[in-house]
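Next come two complexes, and both contain chain A; in the first it sits with chain B, in the second with chain C.
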Partner chain A sequence: MNTFLGYAIPGIPFGCTYAIVAIGLVLTYQTTGVFNFGFGAQAFASAFVYTVLVGRGIGTGISFVIAVLVLAPMLGVALDRLLFRHIASSNTVAKIVSSVGVLVAIPELLSLIFGNQTRFAPPQLFLNQASVYFHLGSTPINGLELETVIMSVAIVGIVIAILHSRGIGLEMRAAVESRRMLELHGVPANRVVGFAWVLSSTMAGLAGVLLAPQYPTLQANDFAILLVAAIAAAAVGSLRSVPLALAGGILLGVIGGLGAGYFPPSSIWHTGLLPGIPFLLLAVLLVAAPRLRNLETSNDPLASSDPPPPPPITVTRAPELDRLIKGGGRVLAVVAVVSVLTWVPANWVFVLTTGLVFSVVFLSITLITGMGGQLSLCQASFAGVGAFTAGQLALHFGMPVLLGIVVGTVVAGIIGAVAALPALRLRGLPLALLTLAFALLADNVAFPASWIGGPLTGLNVPRPQVGSLSFATESTRAFFVLALVVLILCALVVRFVQRGTIGSYLAAMRGSPAGAAAIGVNLNSTKVLVFSLSACLAGLGGGLYASLQQTVTPADFNYEFSLVFVVVVVTTGVRTIEGAIQAGLGFVVVQQLLSYLPGRFGAGGLAIVLFAFGALTYASHPEGVVEYQKRQWTQRAERILLRRAPRGTPPAMSIAGGAVPTIHHSLQPSARDRVESG
Partner chain B sequence: MPTSGMQREERLLARLAAVNRLRSRAEARRTRSGWERTETGDARGPALEVSGVSASYGPYRALFDVSFTIRQGEAVALIGPNGAGKSTVARAVTGLIPVTDGSVRVGGQEITGLPTWQIARAGVVHVPEGRAIFAGLSVEENLRIALRRRSGRSRTDEALLEAYSTFPMLAERRHQSAGTLSGGQQRLLSLAPALMVPSTVLITDELSLGLAPAWLDVVYERLAEVHRRGTAVLIIEQQIDRALAIADSAVVLQRGSVCYVGTPSGAASVAEELITTPGAGWAAPGPGT
Partner chain C sequence: MSSEATRVSAGSELAFRGSRVQGATMGEGGGTLLSVRSVTKTFDGISAVQDVSVEVGHGELVGLVGPNGAGKTTLFDCISGRLRPDRGHVFYEGSRIDHWPVHRRARAGIARTFQRMELFEELTVREHLLVADRAHRGGVLGALVHRGQQRPAERQRVDAMVELFGLTEVADTLVSALPLGTCRLVELARAMTCEPKLLLADEPSSGLGERDRDHITAVLRDAQSHWGMAMLLVEHDLAMVSQVVDRIVVMHLGRVIASGDYQTVMADPEVRRAYLGHAA
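On to the complex of A and B.
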């Protein structure tokens, strides 16, 4: 019994760290309606500034005030004003992508500003970290542990008091449901939500400064992992209950403590299962707990005052211009391919080939998010499955790598179909969280195993050999052609799906799953099919990537890439095939161009910041930056070249309040195409 | 088919008869209800002036140069076929959708372009159509939010008790989450606070739609009460008999434009004309159903 307590009790303070972040997530979700992945980054920002200030010899008290009471609220105001205010009435995908953008951007931005040297954790805030205050049973409790527990209990009390207050707490909860309704009752909803962001951001700052001393060095990744583990704790309380979130956090901490104590070190349980427990718990809760399934049920009763979304510009632009653009695009593509095959320097050929391979992976996001309207945060893991399958088959069975890539594609597809089974009843945020749990389980449990992810030095994947043509000895240009052919085939498949029955099923499901089921769409088989096909594309891209790079490690496919991929594709344009290709090429080309910059700006972080800021623009242009720019330029070109009024301003049109807008006859072609092209 | 012409004529006749029935019913009700007609040429100032208002949903224009005035303490019915823009007028007044042209004044004060919450505080109460409630909050929380600014913070509890005594059903379910109420109960919940405290202008959008008949009389009684206490009322209704019965004057909208402003009986004959004009867009199976 004493051993048991000896293992369990140290888990409690550690669980409290999960709980503090989990309660912050619950508070943010309840008062702003945004499930804020950026919370981890906000916490990191305050912890970072606190560490920097303390490191420069400023007292902990003043540093605390600056980092938590000045910087964090300002960050909250900025996030509200610049980002989340504009997407209040958007769909879940917009909110998740924007908050993931925050998660990705802030740490990179900080390291751009302050440099990315190792920073050692700051000292404790109030109590002395080293000294033991008392013994619980025979377990010593030090200052760090005591402070964490006291703080989390205090935070629980404060947050419950705020959430249940009759004034601002009630108004914040109401604002989540409908800002417009709240305004009709004479309450300035934007101010209420602004206050909610200040509150939640301050909470993030507090959490960051409290948690920073727990780690030997300050790293953004620790905070991201902590965030995801905290999601599991918050899920125990269905993202609603603060006391249950605390209980969930402590539960995770205690399980971790017990596992670390009882599992033999270096056993598969210790190295494989233990780090994955929070994600396993999250996945189980999402699948099993009915309250988590219908998180997104409340709709704004006044949503019908929003204007309908505009149709894609490719549908409405003038036919003359359409021909011009399509013709020009083809010429440009031919010129580009010929250039790559003749005079482009080798390192750029490699970059562009990588871009084509990424495009294949990104097409999987077009399929699932653009057409299916669902967010999957584990596409990089599927790419990893494809890559490791091809590599292991080549290593152990000497299988030709092209065949290995095909097998990898199939394996990824099968895993995608199996992964879709527990996801069948989920959509929106719970589905995104479940896929994130999958990605983290893959990172922590599956990929570290040497029979999957290969040895620590990396898994060697050969270049293909077709007949006498060896892609290994040949220049990268040969591989470029191979990647181009594969990409064109994949684009054709996606286009085929988009224009076919499945595409219209998906469009129907995106609008209303119940409505689609009522007209005879089999939701389950469609969902499994799309997940599986999307995993196939990701796996194929992953296999090609591995063969191009020739060495891959699990770190090439960890969950952060899944997040970055989604942000990049959604920012560029998730609804079209061109969007995925532009995203793939843009992603690598921007990185390569920035690598010419001196010092810390060339390190790659800037590219991620740029794309993450792109995700922030997503707020104002939900169709993607490229699509938005296309619309702007098309309208400009139509005005200048064709001397005609831009489209999209049909004459008299009546819209019944609350009902579906009547489709004006002149818009019917575009409406039809919207269904077709998703 | 040979019979189709006959059937069409029959349907038309039936509708005309329905309109006539409505009119006589409306007359009858007007005499016995508590609604007092405002004399035309009354010296009372305007409560709500809508002048030359246009509005659109994104690129889709929904209102064209809409103008009408409601005097203080007057009741005006806004009627028109489905999709005529009736709800859009209400949304434009309260700033839920932007007014692209024209102006809106409340009690002589310019409110065009103000945020919705300021318009609400200027004395405009808008009860949107449907179940306009916070489904995740409890019944009491819904009422509290709605009453807090309207009756003043210190008098919220008083107004709450009054709402409970008027609609005991709400008191019984005060701790229940509003989303779990039936459709009719949710509608009552969204109406109740607007009927407790008088305001400058009260806009009710499809007041009776979805409301249980048992509560209809209570709701109209309360509406008459706030009206008597000086609230100008804009009644947006599909059920035009009831609306015309209690209105001092009426506005008929069609395809986003005002096509009639005047007496309720005049509006009824315009409505009748719209029915008999093919393609006018009055939704089958006719008004008053």
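On to the complex of A and C.
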């Protein structure tokens, strides 16, 4: 029993930090509908600033006040004012991508400002971590553990008291139902929501400062794990219940402590299973708990007053301009290809080839997110499957790498189809969370295994050799052609899907799954098919990437890449094929250009920050900022060249004849639905 | 606006009137098409539908009425497959279809419209009908290898449908730009494109003004006499129900409390109590 307690009790402080972030997630999700992935980064920001301040000799008290009580709530206010307030009525994809943008941007931004050197031994708070204050049974309780638990209990008590208060608490609970209804009752909902942001951001900051001393170094990655554990804890309470989220957090902490104690340190359980427990729990809860599945069912009686997204500009622009742009685009493409094959320096050929390979991976996001309307946060993992399959087949069986890439594509497709099975009943946020859990499972459990991810030094993947044509010796130009051909084929496949009957099924499913099923569309098979096809594309891109780089490690297909990929593609334009290609080329070209900058700005972080900020513009342009700019320029060009009104605007109401419109679409009788169903 | 709309609505009624499609005989010949037997569905311990049995014959028009919360939409969901009943069975054309998914029931000829409309906001009216025409005929794998170009037969069927429902002027407009009344027509046209033997119409007049309601009533009646399908109509507007249906079933608090022809049932004191709160 003493051994058991000895393992379990040290897990509790970890659990408390998970719980604090989990409750913050629940608070903001409930009041704003935004599931803020950014809390992981916000926790990191407070811990980071606290560490820097203490490191500069400022006292712990003042540093704590600055990092947790000033910076954290200010960050919350800023995010609310500048970003999340504007997307309150956007679709789920917009909300998730924006908050993922925050998660990606903040750590990179901090290392741009303060430098990216490793920071050792994050400082403790007020009580001494080294001294034992008392024993629980025979388990010593040190200062850090004690203060973590005390602060957690205090903050949870405060939150529960606030939620049950008659003033702001009642308003917050009302905002859960419908922010717009609250406004109609004369309550300034923005104030209520702003308060929720301040509270939850402060909690994230506190959790960050409390958690940091538990690790030997301060790394953003540890805080991403904090985030996912917190998501799992929040899922225990179905993203609704504060007490259950607390219980879930502590449970996870205790399980972690017990696992670390009982599993021998070198066993597969310790290295493989233990890090995956929060993700496994999250995945199981998502699949099994009906309340989580139904998260996407909007309860807001006024939800239907949101306008639909505009159609892509490529569809609505004038035919003359369309011909001009397409013709010009083709000429440019030919010039670019000829240039690459003749005079462009080798390092740039390599960069552009990488861009083409990324474009293949990004097409998988166009397929699943742009066309399927589903957000997948594990596309980099599918790319990893393709890469490692090709590498292992070449290593162990001497299989030609091109054949290996094809096998990898198929394997990724099969895994994609299998992964789609538990996801069948999910859409929107629960699906995004499940795919994130997949990605983290792949990172922590599957890819570290040497028979999958290869040795620690990396898995060598050869360049292709076709007859006497070697893609290794002829510099990278031959590989450029190969990548180009593959990309064109993939683009054709995606276009075929988009324009074909299956594309119209997907459009129907995006609009209304219930309506699509009611006309005979098999939602399940369509979903499995799209997942599988999309995984194929990612796997193919991953295989090509491996062969281009010649060495790959699991770190190349880390879950963060999945997040960054989604952010990049969504920023550029997720609904068109050209969007994916522009994203692929833009991603590498911007990084390469920035690498010419001096010092820390050249390290690659700046590119990610730029794209993440691009994702934040989602607030005002849900079509993607590049797509938005294209629309602006197209309309300007149409005005100037064709001297007529742009066609990108939706048709006026008056031409919609039909059966005497007395009630506008926006006032759907959903209020009556509520009465009927309630 | 109103004169144009009147013209459109008159046109659409004319398009139906006096015509009767070949093959519309699917409704003729009597016999049971749908049989709901002792279906019970509970949510969190509250029974939304309790031991309900309803039969609909081929080509028969049945009204399903009852106050809010009576379980009408839940019953629809059990028939169309969105929900699985906890107890009881649903038979359709003699087969037990409890375990059939929604799309299979749709292809077998059970079409429905929704109280809270389920339209595809990125598609035009014509595309709605086209995708319905394809979905109820072919599977997903067939759709994957199909290029998406309209076949002449498809175009003909869709054009005919657009014209019958008086949607010609808005055929290439996105539904998100259409007014509610037109959207209800589009949903109905989409359902009819699936060539149903049984149409489940869930409050087709919900949210409409008087004129729209009269129009959709006329369209429903004409569509039924045109195609001869059976229909289960949930509707709060009793005037509309009385104009369309052959008989009605009254539900209250999850149970069937009366059924029979409209006049008799409406005279039933229990029905009056459920609706009006008193027997008078």
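Brief remarks on what is shown
We take it that the second predicted complex is superposed on the first by the 635 of 678 C-alpha atoms of A that agree within 3 Å, B and C clash if a C-alpha of one lies under 4 Å from a C-alpha of the other, contacts with A are read in each partner's own complex, and residues count from 1 in each chain.
Going forward, a contact is a pair of C-beta atoms (placed from the backbone, for glycine too) under 8 Å apart; a residue touches a chain by one contact, two chains touch by 3 or more.
These numbers come from a predicted model, not from an experiment.
When the two complexes are overlaid, the chain among chain B and chain C that reaches more residues of chain A is C. By the touch criterion stated above, A:189 is placed in contact with chain B alone, chain C being left untouched.
By the document's definition of touching, of the two partners only chain C reaches A:496; chain B does not. In the overlay built on the shared chain, the residue A:170 is in contact with chain B alone; chain C does not reach it. Within the superposed three-chain model, A:524 lies in touch with chain C and out of touch with chain B [touch as defined at top]. Once the two complexes are laid over each other on the shared chain, residue contacts for A:47 go to neither chain B nor chain C. In the superposition on chain A, contact of A:292 is made with neither chain B nor chain C. Once chain A of one complex is fitted onto chain A of the other, the partner contacts of A:512 are limited to chain C, with no touch recorded for chain B. In the superposed model, A:181 makes contact with chain B only, not with chain C. 307-308, 650-651, 653-659, 661-662, 664 are the residues of chain A that lie in the contact sets of both chain B and chain C, per the superposition on chain A. Residues 56-62, 64, 82-88, 90-91, 94-97, 115-117, 120-121, 125-126, 128-137, 141, 144-146, 148-150, 179, 193, 205, 255-256, 281 of chain B touch chain A in their complex.
Across the interface of their complex, chain A is touched by residues 1-2, 4-6, 8-9, 68-69, 73, 80-82, 101-103, 106-107, 111-112, 114-123, 127, 130-132, 134-148, 166-167, 169-170, 173-174, 176-185, 187, 190-191, 193-194, 203, 206-209, 211-212, 215-216 of chain C. If you check the complex, the residues on chain A that touch chain C are 304, 307-309, 311, 496-497, 499-505, 507-508, 510-512, 514-526, 529, 650-651, 653-665, 667-670, 672-673, 675-678. Considering their complex, residues 166, 170-171, 173-174, 176-178, 180-190, 297-298, 301-302, 305-308, 310, 648-659, 661-662, 664 of chain A touch chain B.
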